[in-house]
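In what comes next, subunit A is part of two complexes: it sits with subunit B in the first one and with subunit C in the second one.
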Partner chain A sequence: MTGTVLSKAKPMKQPEDPADTEAGASRSERVSALAQQHGALVTLVVAVIAASLSFDTFLTADNLENMAVSSAFLAVVALGMTFVIITGGIDLSVGSLFALGGVLAAWGSQYGTAVALLLPLAVCGLIGLVNGLLIARSRLAPFIVTLAAMLGARGILLSVTDEGSKTYLVDKDTFFATLGQGKVLGIGAPVWITLALFVAGAVVLRRSRFGQYVYAVGGNEDAAALMGAPVARTKITVYTLSGLCAGLAGALNAAWLVSGVTILGSGMELEAISAVVIGGTLLTGGFGFISGSLVGVLLLKVIQNVINQIGSLDSAYQQVVSGAFLALVVIAQTWLGRRRRVL
Partner chain B sequence: MTDVLSVTQLSKTFPGVRALDGVDFTARAGEVHALIGENGAGKSTLIKVLTGVYAPDAGELTYKNEKVSFATPLDAQHAGISTIYQEVNLVPLMSVARNLFLGREPRGRLGLIDFRRMHREADEALRRLGVRVDVRRPLRELGVGAQQMVALARAVSVDAQVVIMDEPTSSLEPREVQTLFGVIRMLRDRGIAVIYVSHRLEELYEVCDAVTVLRDGKLVHTGPIAELDRLRLVSLMLGREIGEVREEGVTKFSGEHAPGTQPVLRARDLTMRHALHGVSVDIRPGEVVGLGGLLGSGRSETAKAIAGALPTDAGSVLIAGTPVRSGSPPAAIRAGISLLPEDRKAEGIVPGLSVRENIALAALPGLSRFGLVDESAIDKIVDTFMKRLRIKASGPHQKVGELSGGNQQKVLLARWLAMNPKVLLLDEPTRGIDIGAKAEVQKLIDELAGDGLAVLLISSDMEELIEGSDRVVVLKDGTVIEELTGSKVTEDALMRAIATTGGSHD
Partner chain C sequence: MTDLALGGKAPADRDRILRYLQDYGVYLGVAVLLILNIFLTPHFLSAENFRTQAVQVAPVLIVALGMALAIGSEGVDLSVGSVMALSTSLLSLYLGYGTWIALIVALIGGAAIGVANGSLIAFIGVQPIVATLALMVAGRGLALVLLPQLKDVRDPTMASLGSGDVLGIPYLVLIAAALALVVAFVVRRTTFGRQLLAIGDSRPAARLAGLPVRRVLILVYVCSGVLAAVAGVLATARLTASDPTSLGNLMELSAITAVVVGGTPLSGGRIRIGGTVAGAVLIQLLTATLIKHDLPPSWTQIAQAVVIILAVYAARERGKR
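Up next, the complex of A and B:
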């Protein structure tokens, strides 16, 4: 029988090295890996070039800055979502938390910047923590737990705004408003804050022990537990992180709009999930990266912007195009994943 | 040699099963200790007690001269007891180095992981085991053997005093097995106690120093492996004395069939990576052919390959001369092959459904017209088989989950008989059912063969196999090593065949 086994093996440089037989298979795998990692970036570059050539109004400082700032809030939400999805989970509560965070920040801004920031972070972080506890300790499905939190947070929001009829305003002269309205080097403050958060997030995910646990839990939870990884603690942390990100994004958004708008944020959870998946993170967990999510957000925003520029197209088509695009990406990912024997 | 890990008078009972019964076991530093036994002998329970998965009901665990009890697998790991599981338990999407160092990554400034150092140390750790791979590559790009080596490197690098390996070679190529053995010898020379579980006798004699044999939860032998010849080892495992005169008629088999002349089933050169290496079996109508061999010899795989439940790499199955599409259970069923699987809970019975529904499940397509089920036809079939197989239930509408094991097995048998099969494959048909029901099932098998069915019988119960079969095909490491016919169908001959050197595929 040895004969058939050996004849199947590829030519080997060192016969005593068992792993060398696999070397030939990995080239196509690496191409697939590159496509998965940078596909979104290439698409973004192509989309930007195409849009610049088609519309004079696209590549203007105003339009770009506008897109950057409006991307910033979704990007912060997607940052937290990236951690959650890499652990193999999902967080549907972020849209509601985003709106709640905005309202709480606007209300709190009358007591100063510290309250305006800390109040939404505390409330949304706490809700995220409860999500994490229910998912990790009580072993409930993330989908159900965060769906409940989404409804619950929406309820809290309605109760603090008299059924949504009351809009709290932010005083434009406060430092808090500057966080949303101010500009550094001609670029809005939210953009800088978002960039700083992404750098920090990427360092944590790639270079910290916690980051390794995030990948391990999503990659193979049982194995991670057998290897001694703190599975429950990791899950609780990522959901708390996601809640904090959503609350902060809501607060920044309120500072930018100088008011706490209650109707915002619905459907944002799905937008954030789309951005993360388009950015190359596997919905099944265990694989993904922070920079991809930023690219995913930008791609969604560029598409929206382009459709807005085509005057004849109803803006409702934005969602059709975004949806179709997401479907394409997931199909491509599944295909690449199959080639790489992931799924 | 010093004792590192030992247990005394260890007992563990599960509902209805005494898995371990007063077992003593000692692992010594610098010794490779084989732990062997057939299914249900208590090996895995013992390992799970040693690694903190189960708490023992009675008995003491001594580790490095101190009484201990491990509450979780993590406790045992921290104490220096590492386990390598049959299935690689690592994270396939993460890099080799990350897998090796998860939870104890070298950290530099600001508490951030020092990847350069991590990659270097991972590379060194693997080189020490004779494995050279790019440690930055995802683990899953490696072959199973190399992945097993990474698991081993991880187990060893946590300062392990005891390394437990649960069938580590079951998915390795012969060349990889040799690399693994090199590593095991290296561990032994470094003074680590290795506990080695395997069903491959050749391996035990090649790499182990001592051996402990368990049977039915009891210790039956422990001592140096060199003092135990193969035949003796096999007879200890199976609980049969060589040359012992046995009274016939312990089982309900008549042993008398009148098989036809032309085989109805011809399985040719069935091949499956890591499991089967060209197995051929013929069965004639009215004949019971037994598949003999130890656990892991490829018995269940052969049955599943014939029934299309496992995809084969090569080989063919013919029913009455007509080839059956491989890897497709529906095709096999249509051709007249029925498999009664080994694990009836996981692969057969639907406990929440009634006796009637369980019996009709597989036959439904044939009992339906235009997508509607012919209820009266089902009632007739269910009634016939409940009587014929003497199924003891309050009625056809009782839930199968409420029946005894033996009656559950009969319901399964009825399900497949309702398909009018030509070939019946029975994988451990009497395991886990009480003695009375066992005798009844054996009698049924006999009757079915008498009715002209071709039967393939797999059983770890030697009496059942020898007395129930007209012929016994003996498997070892996925190869047919002998066929016992006529007066040669005896327990002695079977044990001698199993203990024979060679027959291994490498």
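Up next, the complex of A and C:
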């Protein structure tokens, strides 16, 4: 997998896959690769068709718009997570940073839009930077560092909100609130912002030198270092990026809700990781793509929406289904990956 | 501190001190906190206070024992909090059939989650963090499906389990201490314990040596699941209520912290049960100290975060060696 990642990005959709580049790739190998890359998309299409046939209320403009906007925030978090996971790391702090970003944005909105956006980005980016420094320079395990950051960020969140009892409100007439509430062509502003970020993220990952380093570090860190890739700097950048994404998602969410809700974001790291994994990115690093994470987020939200539509099932089933689904996806991925390695 | 400065000349000295700190730093931490509290906190040296602290630390410790086994096998078990929730749901559902049957069903629930975790990890080869993440999400959901909201547990046996004592020592504390001894014995003196450490050290080597890797890994996660279920049952007995929504929330973090602070390396192959006990006590004391001095809970979380990072930072040299 690492052999191809440093080669120049080709104008193909998923150029990182060895099956595409090896002329003699056998058919079953290609089928496995396709299933891994597009399995989530196929499942999403099937789920949407099934849902719209089963529920009249599913394919309505309101429901779709609602799903799109509520997916947007998770998608932005998953975007940063995708970079982290491709380097072979993990970021458990995003849920706390999401909540912290929202609260800081709501507090900052009284001083104008610039403060409302820059304050959460600065604080969450800084925490991400500290994560990255501890992981890359001090060589601590990513999961434990970001776990500590999760606790620490939640602590900061509590201390700026009077132990969680104070909720800062966003004035509805400000430009900042428009970022969450406004609509362009009938679709919520957060959706457009998210789409723009995903395009930018995909371009960076596919076409930039940094993107190639991200794959190289995840594929084989030692080999990447020997080839002259700045391993530490790449890692520090991806964790900072993940912090920035989580903070921005929190700020946008606060603009959408016009308040900084303190209880949000718990469990969000799990949702984001699930979405990235469902989208076909390997947790072992070195392989993955941005578009898959978007599909993963949408798939999770469609499943949630369907379960909500079945009136008799309460939201607890949502968790059972999400967990079982994540397990299935990981089993399938491991199986497909093993097949490809053996062949 | 002065030793450390002098040690700059001789790296071996510095190395020795560092290793000493890694091994015994947690006990030092507990001692410092105890002494500070004895002087600074009014009414700290009362039997009542010690009782409260010990009862509060018992469930965390029991979960941390299972977590230590998982971490020693170079894994981790994120599903422990959800297993606690599942066990409390099962317990209150089956209490009608008798206390003992309900207890057994609750423990079987924990074992079942452990089998699922272990099978994903051992047979399919899924990374522990992801496999147990899936069971964490699904387990909490399952607990809530079985018991949607808080329910009082009115059962005399459970009530006495939760608040009874022998010679002034609460049952909860006795059970936790007994389990710590059993797990320490298992790790040090049994074949399973040796095999578990060998697998944690190097899974390929253990496989080449002919160890039953899959069986041992499944058993590790079953142990972790059952211990978490025990903690869930005891917490239910203490609260005399089943609350699947909040019971065990963030328990995986506390347990991992206790294990890591206790000097068990995340890279596997080594388990320190004494350190884990001290780690659990250290976090409890830290929380209690901050609360007793009217510092807000937010400080507790920040302090816990700092302690985790310090512990892992101190342990990192060993990981590389």
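The rule is short, and it goes like this: the second predicted complex is superposed on the first by the 315 of 343 C-alpha atoms of A that agree within 3 Å, B and C clash if a C-alpha of one lies under 4 Å from a C-alpha of the other, contacts with A are read in each partner's own complex, and residues count from 1 in each chain.
Definition applied: contacts are C-beta pairs under 8 Å (C-beta built on N, C-alpha and C of every residue); 3 or more make two chains touch, one makes a residue touch a chain.
The structure displayed is predicted, hence computed values, not measured ones.
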Could you say whether A:309 touches subunit B, subunit C, both of them, or neither, answering first, second, both or neither?
neither
First (subunit B), second (subunit C), both or neither touched by A:208
first
Between subunit C and subunit B, which one touches more residues of subunit A when both complexes sit on the common chain A?
C
Touch check for A:110: first (subunit B), second (subunit C), both, or neither?
neither
Output check: A:181 vs subunit B and subunit C. Expected answer is one of first, second, both, neither. What do you get?
neither
According to the stated criteria, A:139 is in contact with first (subunit B), second (subunit C), both, or neither; which is it?
second
Return the residues of subunit A at which the contacts from subunit B and from subunit C coincide.
none
Residues of subunit C defined as touching subunit A within the complex
76, 120, 124-127, 129-131, 133-145, 148, 253, 256, 260, 266, 296-306, 308-309, 312-313, 316, 319-320
Complex interface listing, subunit B residues touching subunit A:
73-74, 77-78, 85, 89-94, 98-99, 102-103, 105, 107, 111-113, 115, 130-133, 137, 140-143, 145-146, 149, 154, 173-176, 179, 277-278, 479, 505-506
Quick check on the complex: what are the subunit A residues that touch subunit B?
1-2, 5, 14-22, 25-26, 29, 203, 207-209, 212-213, 215-216, 219-220, 222-224, 226-229, 286-287, 341-342
Considering only the defined contacts, which subunit A positions touch subunit C in the complex?
90, 134, 138-141, 143-145, 147-152, 154-159, 163, 267, 270, 273-274, 277, 283-284, 314, 316-324, 326-327, 330-331, 334-335, 338
